[in-house]
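Chain lettering (A, B, C and D) follows the sequence in which the chains are written, and residue indices restart at 1 in each chain.
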Amino acid sequence: MTARSATAVLAGLDGVRDDLESFYRDLHQHPELSHQETKTAAKVADRLQTAGFHVTTGVGGTGVVGILANGDGPRVLLRADMDALPVREATGLDYASEATSTDADGNTVPVMHACGHDVHVACLATAAALLAAGKDQWSGTLIALFQPAEEVANGARGMVEGGLQDLVGPVDVALGQHVLPMPSGSVGTRVGPVLSAADSLRVTVHGRGAHGSMPQAAIDPVVLAAMIVIRLQTIVSREIAPTQPAVLTVGSIHAGTKSNVIGDSAVIDLNVRTYDEQVRSQVLEAIERIVRAECVASGSPKEPDFERYDEFPVTTNDQAVTERTAAAFTDFFGDAAGELPLQTASEDFSDIPNAFGVPYSYWGIGGIDPDTYAAAERAGRVSSDIPVNHSPYFAPVIQPTLDVGTQALVVAALAQLGSGA
Amino acid sequence: MTARSATAVLAGLDGVRDDLESFYRDLHQHPELSHQETKTAAKVADRLQTAGFHVTTGVGGTGVVGILANGDGPRVLLRADMDALPVREATGLDYASEATSTDADGNTVPVMHACGHDVHVACLATAAALLAAGKDQWSGTLIALFQPAEEVANGARGMVEGGLQDLVGPVDVALGQHVLPMPSGSVGTRVGPVLSAADSLRVTVHGRGAHGSMPQAAIDPVVLAAMIVIRLQTIVSREIAPTQPAVLTVGSIHAGTKSNVIGDSAVIDLNVRTYDEQVRSQVLEAIERIVRAECVASGSPKEPDFERYDEFPVTTNDQAVTERTAAAFTDFFGDAAGELPLQTASEDFSDIPNAFGVPYSYWGIGGIDPDTYAAAERAGRVSSDIPVNHSPYFAPVIQPTLDVGTQALVVAALAQLGSGA
Amino acid sequence: MTARSATAVLAGLDGVRDDLESFYRDLHQHPELSHQETKTAAKVADRLQTAGFHVTTGVGGTGVVGILANGDGPRVLLRADMDALPVREATGLDYASEATSTDADGNTVPVMHACGHDVHVACLATAAALLAAGKDQWSGTLIALFQPAEEVANGARGMVEGGLQDLVGPVDVALGQHVLPMPSGSVGTRVGPVLSAADSLRVTVHGRGAHGSMPQAAIDPVVLAAMIVIRLQTIVSREIAPTQPAVLTVGSIHAGTKSNVIGDSAVIDLNVRTYDEQVRSQVLEAIERIVRAECVASGSPKEPDFERYDEFPVTTNDQAVTERTAAAFTDFFGDAAGELPLQTASEDFSDIPNAFGVPYSYWGIGGIDPDTYAAAERAGRVSSDIPVNHSPYFAPVIQPTLDVGTQALVVAALAQLGSGA
Amino acid sequence: MTARSATAVLAGLDGVRDDLESFYRDLHQHPELSHQETKTAAKVADRLQTAGFHVTTGVGGTGVVGILANGDGPRVLLRADMDALPVREATGLDYASEATSTDADGNTVPVMHACGHDVHVACLATAAALLAAGKDQWSGTLIALFQPAEEVANGARGMVEGGLQDLVGPVDVALGQHVLPMPSGSVGTRVGPVLSAADSLRVTVHGRGAHGSMPQAAIDPVVLAAMIVIRLQTIVSREIAPTQPAVLTVGSIHAGTKSNVIGDSAVIDLNVRTYDEQVRSQVLEAIERIVRAECVASGSPKEPDFERYDEFPVTTNDQAVTERTAAAFTDFFGDAAGELPLQTASEDFSDIPNAFGVPYSYWGIGGIDPDTYAAAERAGRVSSDIPVNHSPYFAPVIQPTLDVGTQALVVAALAQLGSGA
């Protein structure tokens, strides 16, 4: 029955595919940084309104919630994230972004949808419209949620703190998806842990400035920061059990303004991924131990500063919801549906169902041209040749990516909703 | 005789000391970046004109040249540099700079006279006025030259390329000075090498960007840059003879924009100081060897880029001119005059006499409160406690620094000029 | 039925427990290095002979094979390894080893059973005797195999090359066990990958020797080797997917003979653990890439030398054999039997069943005092407080370790053998 | 007059040159480690006795002192050192050493005269004999001293502690020389600092051992030691003023015995060269600061151990003695005599004159074929192509090295002694 109603609802896709694709191109060409998603939010709100949803904007800043009540039945929340990244696009696409924006520090930065949130927005807006148009095929309440600021880990929490629960009322289940470097056309999910916990840390270490020709008068923060970066590698290589996945990335390092001036501090920003609370603590403690000791080794005049931010929860798919979703995917997509491998990425999606205390399921859809992917796989070059999320070269193929992203949302929603009249 | 005429000329200092000090405070409070010294140049030009010099502005950009012909005799060029640095002042002085400016890359940066060029400008403007007022004490031609952009190594060359020689005509000798972290009141010079050669290098290394959770898909430019910084330390520690002074400072390192995005490149700016052409080549070749090899070690997808800039010549004081200057200093300053140790700093001053093909002498004056200096010396803490040039804490005491800087210029100039009527 | 026969066979354990324990103490106090296990082999051969086995010694050097034919039925091979390690025992046990021996390089080294092979030998000798005494409880052929030189990865292969198959004839299944840092009393196994592949590599890098006071005349191999050790950490931390277990350990580094002489080479020995052929190649290729590049960075006068050794296969437990074994363990041991986590250790055990082309199962038994282990677990200090195999502090508690090691062999063997008369 | 007497004494050189050369070859082929110089001492004692000296052996172990009283006049001590190094000779000379010996740790090591002490011994034995044969050319007392164990910094002190002063009586001046990588035929000296202070340090750092597959259970001492080696480079590159010569060499690093066992400690031996007491303290303190901090960074379970040894004094040539010696060299050798550059090597020679409280002079003679040297110089490859002291390729050309070494001793001695009858 689900399969039949999905087919019925999705019959409308042919009629809106051009709109879906042009909406996607528009979003891709006009990316907005976290908490600045005003234009994206306005476009989304407009579409939901047109589709018949009751729409609230400005939830937790720029968040948008559309509610479509359709009789008795489960209350199902579908979520997409809207923000883009400070990355200079290098895809060469004819709809590539040339946008820049002012970031939170007041710097002008390039902006790019390098993580595929434009896919998520376009697909959810379209799926919501199709479900609204085919409301005879299901019963219950559909909540289409577009959140800001997933990239900085506080967009979902911001909507919760902005009154999401009062606005929406009870929810039974939440669903979300992400476009990933898998073959376009494929969809995958898994029971249990699916995305990692993530913790960001800004470390500022202090040296003593001097003219570059007088190192003896200085404590060199560049050398200190470099030693820390190198030393931090040993946490994953030596301190964590090899069977425990853990990632420590120093994403940025900044020190000094001129070649011939030794500055007085250096700043590194790092990110930790783990799937286990004990491993997480162990990594975070090791970072602090190493940074402090390296500062002592340099004779640093001042304790280092540590600032935690972007703390993402683990994403752990509920067994019942996910088995139901996976079965519906297999019905609809056949062999293109499968098991999603454990991901090292993180998401704040689960902050939403966790606020409601309800189960959730999260899946991935492929964005890479299947032939390209297959060729890379044959050559054993997937990891080197396929641009991944956050790469300046990340460029999902438009189709079948957008179709599958829309279909997956419809199929998964119908699998949770009540049957039609 | 020199001593007598110096005393006569400098008798006027008492009457202009207040003006000298308030001019200095004004300069310190209104620093200008390299090639932006328009206000400083205007103030200087105004003072030279008032003193009776024939003044040309806009030489090589913002350079100022004042010429005072005073009968037959040697043509003596006195030089000061005018530019400040992108450093955020931390001296806490009541006349501290709060200035900011837009640098060559379009960024807003703090600006500070952290290298004492404000001392040089105030002293030369005052010395020129005193010499003009006392022109019965000497004969010849005095050329007071205020150059832009010493910090970026091309201000002197810019004035040469901007027609300095046509403007000035022949020159017999050039003189310059620098305020240094020595006790205020002291003045020192030396025959032979006095300042090092300097070479700046911008190195860009290439990785491959990816989401921070997928290091296996990336080639991490932060780790690569850190390894390079560490490896570069071995050039001075292992490759250069310990009796050959050499400095390699990585003044800045910049890579990445976010904690959880692995970028695709890193940029380091470094500076090399040497006193010997073979050592200089050896260091520069070793840098390139190490950077290239570390890129290979990381599996870098692209050759690194090397950009040379700020290439400063060696400053080597002429024996005859310097012995004459040193003798005049001893006559005038007594025990406060001495031998200047070999400096690891660099200057583009010598580009000017080199363009004329004439001998030159360059000396240092102290800027540190003598009691503070003596206390630091007793505690064996000079190198850690005395802020040096380019430090955000660099703060010459006003007196006797400004008096000595003015006197030294007058004394040294008179030592080269002809006797008065 | 199995459970009943196991109980019957093991009824004899009470009568030989003193002998089992004193044999173990004797083995522990007299450890022998790889390929030097002559005394251990003689003791084992003597016991097998006494028990009624047909015994062959000197198989592949010092290997021992005992065969006990007991009517029709499966031919089951039980294997133990005999060699000890060049480690100086620090357990403080009253039966601690004080032995030394001459290693393959002619150096005198301490010797210790730091990997628990003494447990394996004592338990298998005792289990073989009990099974021989209780031969009415089973039918088939029992092959008790004691191999040399597991630690150097070629003892099993050596026995195969020494004619094992001709000697033994057909085999149906092979079984092996290892004492591990788990609570004594526990036994665990798992289907599929259980132990990693391992590859050892000796890397010799070349510098240029000189007096220690003249680094400029040298190419310092100590600095080069240190840079390599540091750089190699980035393979696991940055190049391998976090969900792919991989270990790269530099076990030894040796360079130079005196503080003030820069030598001309350095030698590092490293070991790689992986569970996947592609990951294995990737790590080995990265090692070579990094070593070669670091040699270039140092200006090394000669290509580095690479020597591969101690290449261990993956150990992957057969599903049917292992499920049978696990069921028998649960029957016999109750809650003390469980799932063995994936191990990062390696073994050459599988070279034996692989030579016969037959399935196998391999399990672990605990060696740590259960109270000590539980306390460490409560304190979150298992990884820091519990000495592991190869540690100079590795000291399995005698009981229930030896009982369980003997029982597990008997139970697992009976689970594969035919039923008794 | 000196020149004339030198010519007279050295007229005998032609007659003993064959003996000088064959003695040298014999010494080179039979090197002895520090404190094991029994055969060398016996040969030397025999020659001194034959020449008419009053000889004492066994002074401070294997030291030899010959005294030749020749009327009133200055008492001049000439010193040579006798020990060789644990280096495997790679010169390919037909008289190359193939010797091995047991070192202080009980290891069998190769032995080579890689520092040229064989030149010193052969030349002093011959010079002593020539001076004895020409005793009509001078008056005073000649003391020929052959010391053990210069390489381990305690041979000179050992002779002093062994009663040298009582044995010899008063001394007026001491002289010593060293063969260096300069063109053979040349001789050079300098007033003031000539050789550096040297300090050796053995640092033992502690980790925690484990099987190589379980890094999470270990604290890896190899990684810790490598980080320390890398960090120590920053002392010279960043902490010491570039105009202050300083060398820090990690001559040896040793940790671990097997590729797949993480050991529990690592040992590094390092050597420091400085010319200034404050710089010396600064380096030694920085070493301790860095080692301790790196141990903390690794989570080392135990404080590191520091053991100081081989502490060499600075060698600072007396002005009057050295000017007298230099003048005599110029008289005798003409242009081949010159200024010796400041050496980064160290010596315990000065412990002898310091014990007597008398002035001394120390010079260098060249050992490299002049054509080879000139070619390397033209190619800018002296530092890479000319093997230096302690290199396995160090091979002084026999002539004119031995002639000049003998002549320099005779000339310098006569410059201090009284005139002949």
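Simple rule for what comes next: contacts are C-beta pairs under 8 Å (C-beta built on N, C-alpha and C of every residue); 3 or more make two chains touch, one makes a residue touch a chain.
Quick caveat: nothing in here was measured; it's all calculated off a predicted structure.
Engineer: Give the chain pair, either A-B or B-D, that is connected by more C-beta contacts.
Structural biologist: Of B-D and A-B, it is A-B that has more C-beta pairs in contact.
Engineer: What's the chain with its C-alpha centre farthest out from chain C?
Structural biologist: Chain B.
Engineer: Quick one: report the Å distance separating chain B from chain D, using the average Cα coordinate of each chain.
Structural biologist: Distance between chain centres: 44 Å.
Engineer: So, what's the distance in Å between the C-alpha centres of chain C and chain B?
Structural biologist: Inter-chain centre distance comes to 67 Å.
Engineer: Provide the C-alpha centroid distance between chain A and chain B, rounded to the nearest whole angstrom.
Structural biologist: 50
Engineer: Would you please write down the residue numbers of chain D that are in contact with two or more other chains?
Structural biologist: Chain D, residues with two or more chain partners: 213-216, 220, 223, 227, 230, 233-234, 237-238, 241-242, 247, 273, 344, 383.
Engineer: Taking the complex as given, what residues does chain A use to touch chain C?
Structural biologist: Checking each residue of chain A against chain C gives 230, 233-238, 241-243, 245-248, 273, 278, 341-342, 344, 380, 383.
Engineer: Please give the residue numbers of chain C that touch chain B in the complex, ascending.
Structural biologist: Touching chain B from chain C are residues 213-216, 218, 220, 223, 227, 230-231, 234, 237-242, 286, 289-290, 292-294, 296-299.
Engineer: Give every residue of chain A touching chain B within the complex, in rising order.
Structural biologist: That would be residues 85-87, 107, 109, 115, 151, 181, 196, 198, 200-202, 208-217, 220, 222-223, 225-227, 229-230, 233, 247, 249-264, 266, 268-271, 273, 309-310, 343-346, 383-384, 386, 388-393 of chain A.
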